[in-house]
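Two complexes, one shared chain (subunit A), two partners (subunit B, subunit C).
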Partner chain A sequence: MQQGKGVERRTVLKAAGASLAVTGLGATATACGGGSGSGDGTVTIRYAWWGAEDRARRINKTIDLFEKKYPKIKVKTDFQPYPDFWKKFNTQASGGNPPDVFQNAIGFLRKYDAKNVLLDLKEQVKAGNLRMEGFRAGLDTFGEIDGKLLGVPVGSNSMALVIDKPVYARAGITPDMGWTWDDFDEAMARVRDRTGRAGDSGMYGVMYLYDLYLRQNGKAFFTEDGLGFTETDLTRWWTKAEKGVRSGLFADPKKVAQIKPKSALSAELAGSEFTWDNFTVRYTSEGKSEYGLAPIPTTDGKRTGQYLGSLMLSASKRTQHPVEVAKFIDFMVHDPEVATIMGYDRGVPATTAQYEAYRPTDPVNKAIAAYEESLVEAGVLEPITPHPNGADICEAAFLRIGEELGLGKRSVADAVEQFFNESKTALSS
Partner chain B sequence: MGTAVTHAPATEVRAKDPEPRHGPGTPPRPAGLKRRGRRENLAGYLFMSPWIAGFLLLTAGPMAASLYFAFTDYNLFDAPRWIGLDNFSEMFGDPRWRHSVRVTLWYVVVGTPVKLLVALGVALLLAQKRRGQAFYRAAFYAPSLIGASVSVAIVWKAIFSDDAVVDRTQRVFGIDAGGWTGDPDLIIYSLVALTVWQFGAPMVIFLAGLKQVPRELYEAADVDGAGRLRQFWNITLPMISPVLFFNVLLETIHSFQIFSSAYIVGGGAGGNACGPADGSMVYTCYLYVQGFENSRMGLASAMAWMLLVAVALVTAVLFWSQKRWVHYEEGGR
Partner chain C sequence: MTAQATDITRAPSAKGALRRRLPGSLAWHIGALALLAVILYPVVWVVGGSFKRSEDIVGSLDLFPADPIVSNYTSLTDGIADIPISTFFFNSLFLAVGSVIGILVSCSLTAYAFAKIRFAGRNLLFTLMIGTLLLPYHVLLIPQYVLFRNLDMINTYTPLLLGKYLATEAFFVFLMVQFMRNLPRELDEAARLDGCGHLRIYWSIVLPLCRPALITSAIFTFINAWNDFMGPLIYLNEPGKYTVSLGLKMFVDQEGLANYGGMIAMSLVALLPVLAFFLAFQRYLIDGMATSGLKG
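Right after this comes the complex of A and B.
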């Protein structure tokens, strides 16, 4: 402790103080990073969606187009596979830092409206920043909940049986509109016997398919505030599923789990898969085969229980730039050139302007258009099932417990009980 | 070395003793120096302030908050609602929670001993003097340096999945498991294999412990005609038992906290949260699912505190047990 060191110490102290101040400033600067506006009036908005590589490439092209037309708006992007997207979104939203604009689906509207996350876009419509005219098939009200406009549809889609065309040809199956579940079971067996591949990838865990089956029988997966079916219903559905997995009609869930995020269909584990019709676009880029669309099997030879679904764009309530976000959504749903880039990746374009701008020439997109036209012609489309708050958690539980059943880790009775327990918790909170 | 580690706090206290503030023999300081002392204290605190701020804001604060949340229903969006012990009773009644406890215990009970055995075995080999020893040590330690990373977990998933290296090798021997990562019963073993592969850290500590064992003891044993096994059992093991204790403690606590490898090998992008049919659903994975997938932060906080209590209990039992098997040399070499 000599005298001379005091000076040095003071200097060091000052330095420490200064570096502390700098650290402090650094922290503030990072904190401000979210509120993005710079001197020349350029505004940055964050846009997030879920999907695979192929969709990301298309979307990035549409963003380039947008930025060219609106040089004062910059778009920062972020994408994940479906389940991961919502985990990240949920965390961001709860931390008060959600993306300004993001892809959304029907099952999440009530949930995030209840949590005060979604911006009512009605005001931007009134201000003329977002046009809600020119939508097809009543889609303009698809994202309306309790009089609030919470999502703007980008395209319509519907559930379908996506098939591996060469496999179905080899098995000698041509499904027609109105084919029944008995026909379907027979087809599964034929695919298995003649091509050595499982018929289906695991339909028993797909909430949106079971919903259609229930609707064919006068029920539905959800009511306004709960589940629309009983334990007995599900026991029947999953008993059939268990047999299907054991007998090789449905793909081995062990293998399906290991090729994720690739699908069982494009990985050639199964000959077909129940999913949204626009998925053929993704599977075509992911797999080696040709993929086509077959109708949903029916119970009575007529009703498929289908409805038009839609992916949407939503804005978050906390966005600093509602005007720019509204202009962005408007551009994405109306601009004809966007339609030619996106194709039917997110469904058949929602607005007539985009629908007419893109006339598919390739077999994949042509098939999607033909499929949705055939639904209209057959007159099978009905109003959509309600999706109460908690629907997304039920969907995930249905898939997971269905998989456990397929893997033989649960008996049917056990699986049914577990699903009803979990959904009760999810729907009551 | 072993004693130095386990008695670290005691040595610290002793280290301060040589220059006591107002100890006998030192003349009382004048007032000016007292002020200087206070200023020095202040300087000390200032230097510590980044750490103190970090501790308060990033550790103590969140911990206190999570203790509070553990007794509430909290979904991140709405204000937390006090529900007393409901989270805990829900936890115990939840079959998925009990499953996650079983998976974790299995992982700890199988993984930790195997890892330590491998670490000790390799340390014994590396303790011998031979050429290129430094290289071997570095080579064996390398996996531990990269082991905790996400990329290794991804590689691991690729190695153990269907039609990959492990699966194909197995098939040569006529075993067709169809990939470990898709099998609810096998996936946990791929995680055990991953942790065993990262034996480097305990190995280094074992090595240090082995170096501390006095040569004379072995020489004496040689003279008495004791064989290698006997020497290991009666000299090496008791002499390194403090190091062994330290490793057991550390690795057990570590194993309870396993998350990233289970999360990535079990699911990763677009997959399930933690393995097919919850096969790798370790405790922290389920905590993550409840917190971030189901937005039940109150329940997740309660689970976190439950884990802390469980690990504390296990640690206490280990400490209590050391009387029976850990041998400290008197006088602390």
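Right after this comes the complex of A and C.
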């Protein structure tokens, strides 16, 4: 046996060598791509965003346009649906390899600023690579935090009550700007009684709506570093919600959960839904009815508490090519031709140049434009309140716990306590 | 043997037994068929859904559409987001086949060492390897990402394949070790007397006898690699390199147009390779069980 051992070791080594050779083969066959700079001064930047194939086709066209104008800059795109996008982004950011430029939303700004992920684009504005003029209604400062420019708006959206038009017509309801929550409650009951459908799909979990309600009452969902409301406030909001679910004013949460990812509105479970106005594009593609936009109910008959929300483009602090990234963002937000390609896909264009370049011809986008204009005319738009680090986690918790409340898994008191516990943890980290 | 014995004892009253067993067996079959219908229902629903318009897929309760359309399938030929769907299938197939080869070669070699060679620290190493089964994937995710980034291997298939060629899948090593331990020692002792080294014993004696374990590993690896979502999501940065599981996610997002029809049609098409692989190899699996049964 002693003699045998040497032989054994050698054969094992041989075998190991063989398997390593196979590995090497696999590696060389698959390894390609990589490096972002090359000899002739061409620079490659990575651009990631969330969306589906329709947005992808549009963005690909805008990138062709950009590359034609800036032949020295190549853009590589990467996209996933919203939840997967953030999974990937978090891994990449933790691994020190975030994309150079990426789509962003207001709830994430402070979080990634605190983690040192976002580039302050002020430098590039000063250097003249990025123009911050020509934005609509206060959007130029939308992505500014503590004097740093962390995101540039690409398109604005506002919260709205998306309604199933024929259902509302049958119920005999025409919501006008300035209608109150009492009117809204009455409308819900009428939709239920006259059309046999729930009035709303479950507004109690929508953080952005509760934010508006609080703003109407001189509060807000968030303060600089915490929650802007008390347990009593939320108990009141969710008690009303629980009653609404029990009495059939709001859609059965079980059914709403079952038909996901389709929305309760387009699946004809509810007559309306509070969400961002650009969601009507999706609802029209997945539902059979005609969808319209109604204003947010008010407390005092005037204030809706609304502000222009917006998707943004942010840059990574680790990018090797800040100048190119700034030029890219500049092109995407100012070039009129980009607007004609993108349409209202990411909301109504943020700059006046792009806003004027694209006039929608289809009824859905026309309605979005009309809705946004009506908000400006009514003068209800107010400045946005802060979204602290951890806002995204609070939003998700609010939605989840609200859903559990609707499903009857939690009592109101239990749900309120759970939400305050979770958000305290999220906001203090 | 036992089966034969009971047959003989029952032979005289076979007819009576049949009469007695008929209601029971009928009930059993009806029960089984009902269960099958429940299990198959989602599959049938998906098949029916793939011929519906996107807006009819959720909402209408009919299993099959009144006016079936094929445009969900034909539109797949346009590709997803400017990428032909064959690209996704080729990428997935490359990863799945590459993974199968890697697992078969590396895990069987490792298993051979653990099962057939005595060396210092064998038990400790074996325990450590089993211990890696307890590590949740999420704990490894970011360290692994950082590692592969430092090796400049992001946006290649290497991070998704390398581990498979280094026998890091402890489950398959374990499976094969258990199988090899049950092979009679006399076989490799006889081979050694005939002058075989370890490599020869591994290749000519152990591997052929391990076929059932290898086939099982191959099937599981193929399905796992084909279905893997997190790995490709994290490591691949270009839609042109995406796998089918990522491609399937491109049809619907919360904003913008939703194409449920395309998604359902593609998910059915994506099932075919897995089904084909399983059908092609499962007969070897049954065959293998028969031979291993004889051995005892």
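Everything below uses one rule, namely that the second predicted complex is superposed on the first by the 382 of 429 C-alpha atoms of A that agree within 3 Å, B and C clash if a C-alpha of one lies under 4 Å from a C-alpha of the other, contacts with A are read in each partner's own complex, and residues count from 1 in each chain.
By our rule, contacts are C-beta pairs under 8 Å (C-beta built on N, C-alpha and C of every residue); 3 or more make two chains touch, one makes a residue touch a chain.
Since the structure is predicted, the reported quantities are computational estimates derived from the model, not experimental observations.
In the superposed model, A:243 lies in contact with neither subunit B nor subunit C. With both structures placed on the common chain, the touch criterion links A:252 to subunit B but leaves subunit C unconnected. By the touch criterion defined above, A:94 lies against subunit B and subunit C together after alignment on the C-alpha atoms of chain A. Of the two partner chains placed by the overlay, only subunit C lies in contact with A:287; subunit B stays clear of it. Of the two partner chains, subunit B is the only one that A:396 touches; subunit C does not reach it.
Of the two partner chains placed by superposition, only subunit C is touched by A:53; subunit B is not. By the touch criterion stated above, A:72 is placed in contact with neither subunit B nor subunit C.
Taking subunit A as the reference, the larger set of touched residues comes from C, when subunit B and subunit C are compared.
Of the two partner chains, subunit B and subunit C are each touched by A:81.
In the superposition on chain A, A:407 contacts subunit B only, with no contact to subunit C.
Residues 16, 23, 80-82, 84, 87, 91, 94-95, 259, 261 of subunit A touch subunit B in one complex and subunit C in the other.
The residues of subunit A lying in touch with subunit B in their complex are 1, 6, 9, 13, 16-17, 20, 23, 80-84, 86-87, 90-91, 93-95, 115-117, 252-261, 393, 396, 400, 403-404, 407, 409-410, 418, 426, 429. Subunit A meets subunit C in the complex at residues 7-8, 11-12, 14-16, 19, 22-23, 26-27, 30-34, 46, 48, 50-57, 60, 76-82, 84, 87-88, 91-92, 94-97, 99, 259, 261-262, 266-268, 276, 278-279, 281-282, 285-288, 345-346.
Those residues of subunit B that touch subunit A in the shared complex are 36, 43, 46-47, 49-50, 73, 75-78, 95, 161-162, 178-179, 181-184, 267-272, 276-278, 292-296. Only residues 54-59, 80-82, 94, 98, 101-102, 105-106, 109, 113, 117, 141-142, 145-146, 149, 152-158, 161-162, 165-166, 197-199, 202, 230, 233-234, 237-239, 241, 246, 249-260 of subunit C touch subunit A when the two sit together in their complex.
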